[in-house]
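Submitted below is the structure of interest, expressed as structure tokens.
Chain naming follows the written order as A, B and C, and within any one chain the residues start at number 1.
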Amino acid sequence: MIQDIANPEAVEARLHKLRLLEALLFASADPLDEETLAGRLERDTDVADLLEELRAHYAPRGVNLVRTGAGWSFRTALDLAPLLRQEEEVSKKLSRAAIETLAIIAYHQPVTRAEIEAIRGVATSKGTLDILMENGWIRPGRRRETPGRPLTWVTTDHFLDHFGLESLRDLPGVEDLRAAGLLDSRPVLLGIAGGGADEPAESAETEDADG
Amino acid sequence: MIQDIANPEAVEARLHKLRLLEALLFASADPLDEETLAGRLERDTDVADLLEELRAHYAPRGVNLVRTGAGWSFRTALDLAPLLRQEEEVSKKLSRAAIETLAIIAYHQPVTRAEIEAIRGVATSKGTLDILMENGWIRPGRRRETPGRPLTWVTTDHFLDHFGLESLRDLPGVEDLRAAGLLDSRPVLLGIAGGGADEPAESAETEDADG
Amino acid sequence: MAPKPPKDGFAEEGAGPASPAEQLVLVLDGFEGPLDMLLALGREQKVDLTKISILQLADQYLAFVAEARKVRLELAADYLVMAAWLAYLKSRLLIPNVEDEEPSGEDMAAALAFQLQRLEAMKEASAKLFRRPRLGVDVFPRGAPEDVDIQRKSVFQVTLYDLLKAYGEHKKRKEGGVLHIEPVRLYSLEDAVRRLSELLGRMPDWATLSSFLPDGVRGALLNRSALAAHFAATLELAKAGQVELRQDGAFAPIYVRRAARQE
């Protein structure tokens, strides 16, 4: 950078790249990863360095450049939240079951439905995973190589974006929970929910356990 | 402005307003007029003056604050437009028929066109497979060794990539879909089946009442 | 020990003195199954969950179930299964360890304690997660994204959810070609007519309608429908001239007998 300053052309070129990056990130509502951004700039551009400069420039402003799991994006500044906050529509409010299920998937992923049920102690009602998937927060992961080959569930990049997390390591308290052994999927003695067996829930009859 | 500089508190207050304006303009889907913006700031704020300062700040950058008939909004800088728009293609919605056809190929592959039609119960329009192929989601597989040696269709690696799947085995099975609430074809007679605490819910196999 | 209904964030506090039954119902509504309830009961001990007394917890739970039964509150099966399991656990904890294949009472108690801690941890985690600034609630993306083709791969906006939903809907249509209606377990008029016609042949004198009702009909709903069906059936049969009806006053029993016919 030092030598760039001496060279007006290099300064000009760098500024041009910064402007292009700024425009690309501004235009998109979704995060963009460095690879995608690099693909739009000249070869051999140090994208990480430019992004850092942009981040610093925007840090004190009302709009910040932030990095979440999915990549970089402009977002309104966190401290303005009280002035911008929009109440969630009542219809969009998530049930307690959905909120807990999302947390279990986030902290225990990849996790099968039967494991979710063992942790919560109740069958997962229809519509819970559905709504989490519709929100773009979870997706099916790999099948577990155990009898029945149950499907696992994992969180998405959009989940990280939605909750402003850079990675899953930034989940609140995740290290403490892991250290306390509370993220173990140790088998439970008390098979409360759907038997705890990992067969794909075959009967459509699985209703709320408390129904 | 001059007198504000002498007073750190006034500078701070002005910066706060500028930040809020920035965030409001950034987050809004439509241009905002000065009246609306003034409504979000303290009384007696000179919005026009603040907007002018913001406009000046962003003028050399990749994003500009512009005024259109309807009001103020951020727009990517005009001179960058050719660089932003690599292709003229606009993101489109895939037709329902195409999504369904893709899903059927994914689940039933290798599958011939005739089989797809038999499964869907309607003829496949010529363009549907073309669109899926152009997007790189499907490709022709082996010919079926039956009379006529029809071509089969299979999904590609790009398909897995696009949908964030690691392998085809990770596609949720029908029972997983049902369990997730994506396949619910059993209407329940509300008020009767649901209201009668007479029998365990949904046990269709119980003997007739008049037995 | 007097069973005290547990208080938790979901039951309304300070809503005035409710009857034990009402409190139980309130309490049950707030829970997602027995484990959830056990956790709430455990919190009542006001100790760290790692130091919780499982024996005391079992007592609390069993007292709750006993109270629920006393006020004839219908408990879902899994609440009763849990009660049975806790009663068993209690006996294993109280009786000195015998050598056998079964896990010891202490192991079972530890496993339950672990489950409760894990559930508690997940509840806290979910609360923390949702206290974070959320996109679209606290923090906002660009409100008017510009039409720039940045990610060339997504010319078409199709998500995995769209794909799976399309397949689900397709399957639904296939399955749904035939509408499956839950068999409704109600007593039908036809059955009542058939039944009455048969029984009346053997019962020439006045008899109350209720004495014709089938025995062993389970459930209030089915019972009511049987009564309604039989009543309607007597009207049908009376219209056809096959029976005579009599009622001595409003709400009095209805009597039925075979019509005196010239056969």
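Going forward, contacts are C-beta pairs under 8 Å (C-beta built on N, C-alpha and C of every residue); 3 or more make two chains touch, one makes a residue touch a chain.
Treat the numbers as computed from the prediction; the structure is a model and nothing was measured.
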item	value
Chain contact topology (line, ring, star, complete or other)	complete
Farthest-lying chain, centroid of Cα atoms versus that of chain A	C
Distance from chain C to chain A - Cα centre to Cα centre, in angstrom	35
Centre distance in Å when chain A and chain B are each reduced to the mean of their C-alpha atoms	16
Touching two or more other chains - residue numbers and ranges from chain A	24, 26-27, 40, 74, 76, 84, 133, 139-140, 211
Interface hub residues of chain C, defined as touching at least two other chains	140-142, 146, 148, 150, 159-160, 164
Complex contact set, residues of chain B against chain A	15, 18-24, 26-27, 40, 61-63, 74, 76-77, 80, 83-84, 86, 164-167, 169-173, 175-176, 178-182, 184, 186, 201-203
Touching residues on chain A, where the partner in the complex is chain B	18-24, 26-27, 40, 60-63, 74, 76-77, 80, 83-84, 113, 124, 126-131, 133, 139-143, 149, 151, 156, 200-202, 204-207, 211
List of chain C residues in touch with chain A within their complex	28, 31-36, 76, 78, 81-82, 85, 103, 107-108, 111-112, 114-115, 117-119, 121-126, 128-130, 132-142, 145-146, 148, 150-151, 159-161, 164
Interfacial residue positions of chain B with respect to chain C in the complex	23, 26-30, 73-76, 84-87, 89-94, 96, 99-100, 102-104, 106-107, 119-120, 135, 161-165, 172, 174, 177-178, 180, 182-189, 192-193, 195-199, 202, 204, 206, 208-210
Touching residues on chain C, where the partner in the complex is chain B	74, 140-144, 146-150, 152-160, 162-172, 175-176, 179-188, 191, 214, 217-222
